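In the two assemblies presented below, subunit A is common to both, partnered first by subunit B and then by subunit C.
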Partner chain A sequence: MTDLTSVAKADLKPAILSIFSICCSLIAGGIILLVIGKNPVVYFGLLLARGLGSSLGVTESIIKMAPLLIISAGLLPCFSAGLWNIGAEGQFLVGAMLAGWAAPLLAARLPCPLYLAAVALLGIAGGMAWILLPAMLKARYDINEIITTLMMSWVAISLVTWLVKGPINDLSTVPAQTTLIPLKYRMPMIPCTRIHIGLIIGLAGLIGMHWLIRRTTVGYQFRVMAANKNAARHAGMNIARLTVYSLLISGGLAGLAGVSDVLAIKGLFQGNWNPQYAMAAIPLVFLARLNGWAVIPLAFFFSVLGVGGEFVARELGVPVFFVHVLEGLTLLFFAVSEYFEKKWEHQ
Partner chain B sequence: MNSLIESALLTTVIATTIRGTTPILLAALGDTYVERSGILNLGIEGMMVGGAFASFVVALKLNNLVCGFLAAGAVGLALGFLFAVLTITLRVNQIVVGLGLTIFAHSMSSFLHRVIFGNQFPILFDAGGTNAIPLLSGIPLVGQAVFNQHWLVYVAFLLVPAFYILMYKTRFGLRIRAVGESPWAADSSGVDVNRIRYVAILMGGLMASLAGAFLALGDLAFFVPDMIMGRGYIAIVVVMMGKWNPAKVCLGALLFGFAMALTSALQVAGINLSPDFILMMPYLVVIIALILFVRSTDLPSSLCIPYNRGED
Partner chain C sequence: MTAQSLVKLTGITKRFRGVVANSNVDFDLYPGEIHSILGENGAGKTTLMKILSGVHQPDAGTIRVHDQPVRIRSPRDSLKLGIGMVYQHFTLVPNLSVIENLTLGFEDGFFLNLKKARIKLRRISEAYGLFIDPDREIRSLSIRDRQRTEILKVLFRDSDVLVLDEPTSMLSAAEAESLFQTLRALRQAGKAVVLITHNLNEALAASDRVTIMRSGEKAAELSNEALAGLDKKAASEKILTYMFGSIPVSGAGVAAEDVSGDQPVVELKRVEARDSRGRLGLKHISFGIGKGEILGIAAIDGEERRLLAETIAGQQRIASGQLIYRQQDITRKTVAERFNLGISYITDDRINEGCVLDMDLAENTILKSYGQPPFSRWGILNRLKINSFAAGLIKNFEIRAAGPDARVRSLSGGNIQKFILARGLSDSPGLIVCNSPTYGLDAKTVAFIRELLINQSRRGTAVLLLTSDIDELFSVSSHIGILFNGEIVGLMRRTQATTEKIAKLMLGICES
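Let's turn to the complex of A and B:
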């Protein structure tokens, strides 16, 4: 009995701290709204009403969870291994670009399930390719992966813009974009809903990664490596290989998120399209304290913010960027909550 | 005729190299002290955006460039103070705080820009411009390129020897180096570790925001939220390449300034490359520079480790 309560307590404390950081960021955000002369109660009320109050809002929010879940699933193993893939944005764009280019070419030539698998694999490969260099440099020379993944992200932004204006541009349309994928070749829906199976991929990936980190040898090695690299090395673990594995998983899933968004929602790839999901996924994974299950409600919350924020932007004149402000604040308050956690542990 | 075009091209390349170097150099000089004192500040990018935005808005609204630069300084110090409180006093993870600060400052600038200007991107007409130095600017070829620049360019390059002396010839510099290598030893010989780190971070914040203000008020005369384009992170790499030595940091910054100038010179010279393709160059140069010059074994021993008196 005491065992159960202590387990519950151990799970409850991080949850309380995460909710604390979200509440603080909402309060700080409210103060910012007051300063620019908007009513925060009206704003947040309307945001929740739009994101949660109607079946349309809820469906939109659930659909928007898919990319967040898939990217977060990828961030889990690398953050658990103490590695920082900050360039998920670039890996996402490369995956999305490859999907936009390959899907119209493959659609008519392959049977449907095979076609979907091929495009998905291509996107995963693209995301992995985009993180391969940072991963190798980290493994071989211990070169800071934060900087290299970020730089690769900037390279990706320019590269996909260049490709979509030139080599993979569909010349029959005026804006620079790839050929529109016919509706029947889009990602299938979950039966009886408007929600595409990206959600299921995201949930499966997330739970799979959670299991990998907590229940397998490789996952255990990731965690040892994060806690103490030298200890891990002395215990005979292959740090270089673990580094490359965890980063490749991360890049591959970010690429897959790009495929899912292009195949299910956009239907094509445009050069200036950059939804910046990584900006939400990074705070999300920290708030969840690298716990796959905790990512799910948090991802829902962040996508309610995103969907509601977009609706309210039009109605109240509060720019969409405000949602990103909240994400940045959440990350800062999460850092503060870390301090309180340490303090409690000492008492 | 041909040689006339060539010399004009050369002047342009030198001038754009120097102009492109300046923001990276300003941010990197400040960050030299931050990193040397054992702090990894990933918030530099955000501080640059914040500085650029604050300087632009204040200069436009008050119609006074000096007030713009002062506003940038204030924002840089404020963001630096926030970073210092979180990472030094509360000892929380520097990487998380740095990323959070960058996301916050970047989106806050985009947000406020939209609130203040709507979808417009006004131009500040009296910004930019150059201050020619008499006599020196008359030197053929290099005169116009080197000695006809914005005043902040001269300040940035004059700060290099100043920061070098501060780092290697003064007690403060010695303390900065001691605190980054072994804070326990510094503490036991009576150095206030946390105060030194606070000062370093505030310096870094001030310099980063000035770098942003240079882009907005000195170089471009307008503000768009994405204008920093990773220069803050490039500055961090330049500092690592320069091994925390202001003189070598200056050389590193010049390399990136040259990479940027060369890409625009290629266009001027009529080599037909897509601008999107050219935009990738500086980031690829960063990765190559990291491979060639930076080994993690060279980092200050206490980089990224919070100092906790009486523990560890």
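Let's turn to the complex of A and C:
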């Protein structure tokens, strides 16, 4: 009995810390709103009403979870290996761009399931290709992957913008974009809903990665490497190879998230389109403390913020970015709470 | 010595995770003297000086500077008290110039006043004969000049006490001599110098007083007058007994069984390897270990021991030569391949390398065997098997831990070492390489571990024991070798060895 309660306590503590930091960020966000002359009660009230209060809002929020879940699934093994892929945004865009370009070309030529798989694989390959260089630099020369992945993101943003204005631009339309994918070639829906199967992919990926990290030899090596590199070297683990693997997984899944968004929702790739899901996924995975199960409710919460924020932006004139401010604040308070947790542990 | 002491340490005790690094050590220092602290690696020399320089806090004991009791909480505190440290690994900023490095952390006000600094540097340089171009970037300097800059950095802060940690380890003989001249000039000027070294000749040549440490304790203190009465040979012999203790040469140890005629289990043929600085750290190493033999290799230098161990276990690349294990050339095999062939390596760095402190015992038991059944199949771990195996190790090796899911961090140093040995011995290896397996442990655990190694060899395992502990060497090994300056300088049966012979070879004292 005491065993059970202690386990529950051990599991509960991180949850409490995450919830605590979310509450703090909402309070701090409220103060910011007051300062810029908006009523925080009205803002948060509307935000929750729009994001959660109607079936439309809830459905939208759930749809928006898909890219967050897929990107987070990729970040799990890489963060667990002590590697920081901060450039999932770039990998996402490359995957999305490739999907927008290839889907109209392949749609009519391949049977549907094969076509979907081909586009998905292409997007995964694109995301992996985009992280390959940082991964190799890290593995070979120990060059900080935080910097290189972030820089590669900026390159990706410019690259896809250029591609979509030139080589892969659909000239029959005025804006710079790829050819619209006909509705029947979009990603299938979960039966009886408007929610596309990206959600299932995200959930499966997340749980799969959660399992990989804890129950497989590869995941074990990732964790040893993160906890003690000297021990990993001493035990003969191939640190260079593990580094490349974990980063490739994360890049590939970010690319897949791009594919899912283009194939299911956008239907095409546009030059100035950058939803910055990665910027939400990174704090998300931290808040979940690298636990795949915990990512799910947090992803839902972040989606509600995102969807609600968009609606409220139109009604109250608070910029959409304010949601990013809230996300950033959450991470900040999380760091603070972790600091105090460590301090208490030492006492 | 009637003068007032500059620094006085009394009853200093410091423990790290169950290892007693310093036990009730007294140390004092007077102006105008060079005081050496002599002892083998791990004797507690550096810990003592790190306490003086504020890097570590003592668990017990007092520090007095200028006869005032003080608490030194950080290196900054110790600098303020006029105590400066020159570490074995330098702490200069490589892409700044000499003068910028000297003024670093010492800026009065916001703007750098390099002009004033230059004048001060010239004054110091002239006073002690330490000339250096103030505008050269550190990375373009030789090792000697970097060390010179480190010393200048300490003097620049008007320190009275200069502590040098193994300062000659990277210098040539001529460079070392010029360093000693500088130290003598400092002594003339009334500064106090502490020289941490494991080199006996150096300690005798340069210092006024020698404190000898052994296993964290102060073994003796010899003043210049005491040493002056003896000739050099007698003095070094006297110091040797303090450094290593007097050990009965015959008796206590187990008799080595002679298993000759067999092919050796492992054989090194003219093996060479490079150390972390890219120099040839092992030169033409050749020896073999037969079934059931325990070859004890004594080396005073920790890095050399480690290099040899890692060369055999596979973490270090072999630059040239051949490594044969059970008639198979394994020179190019990886760590994992060698482990799977039955080579088990017990590292000397049990905390930082031998285990993952923040994982539980069960997960640590598979650190090297995670890829093997029954612990995993098709890449999927079997937690149940791992747990029951870990529970078995805990029981059979009397490891004091709450259970397989206890974090290694919660174990004492001795129990961590027992655990690492248990893991290393569990699947009856053909060769065990162990580096300083009992360093810093209490007597009971030491006896337990030595017994383990002897029992293992009786089952036919070849054991390579690397150590600087002569007591251990004699009580465990059947054969003894000595590694000095990267070379095997002696190889003999234990019955042919004497403590004195081994100690002299370890310290590179040639008999003439």
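Quick note on the criterion: the second predicted complex is superposed on the first by the 346 of 347 C-alpha atoms of A that agree within 3 Å, B and C clash if a C-alpha of one lies under 4 Å from a C-alpha of the other, contacts with A are read in each partner's own complex, and residues count from 1 in each chain.
One rule holds for everything that comes next: contacts are C-beta pairs under 8 Å (C-beta built on N, C-alpha and C of every residue); 3 or more make two chains touch, one makes a residue touch a chain.
From a predicted model like this one, the values you see are computed outputs, not experimental measurements.
In this superposed model built on subunit A, subunit B and subunit C take up the same space, so to speak, and clash.
One of subunit B and subunit C touches more residues of subunit A, and that partner is B. Of the two partner chains placed around the shared chain by superposition, subunit C is the only one that A:224 touches, whereas subunit B remains out of contact.
By the touch criterion defined above, A:328 reaches subunit B but does not reach subunit C. Once the two complexes are laid over each other on the shared chain, residue contacts for A:250 go to neither subunit B nor subunit C.
When the two complexes are overlaid on their common chain A, residue A:234 makes contact with subunit C while staying clear of subunit B. Contacts of A:165 after superposition: subunit B is touched, whereas subunit C is not reached. When the two structures are aligned on the shared chain, A:216 is found in touch with subunit C, with no touch to subunit B.
When both structures are laid over each other on chain A, subunit C collides with subunit B only at 189-197; the other stretches in 45-53, 117-125 or 189-197 stay clear.
Shared contact residues of subunit A, touching subunit B in one structure and subunit C in the other, are absent. Contacts from subunit C toward subunit A in the complex involve residues 314-315, 334-336, 338-339, 345, 347, 349, 352-359, 363, 366-368, 370-371, 376, 379-381, 383. Residues of subunit B that touch subunit A in their complex: 42, 82, 86, 90-93, 95-97, 99-108, 110-112, 114-115, 229-230, 233, 236-237, 240, 274, 276-277, 279-280, 283-284, 286-287, 290-291, 294-297.
Across the interface of their complex, subunit B is touched by residues 32, 36, 84, 86, 133, 137, 141-144, 146-148, 150-152, 154-155, 158-159, 161-162, 165-166, 279, 282-283, 286, 319, 321-322, 324-325, 327-332, 334-336, 338-339, 342 of subunit A.
Those residues of subunit A whose C-beta lies close enough to touch subunit C in the complex are 215-218, 220-221, 223-224, 227-228, 230-231, 233-238.
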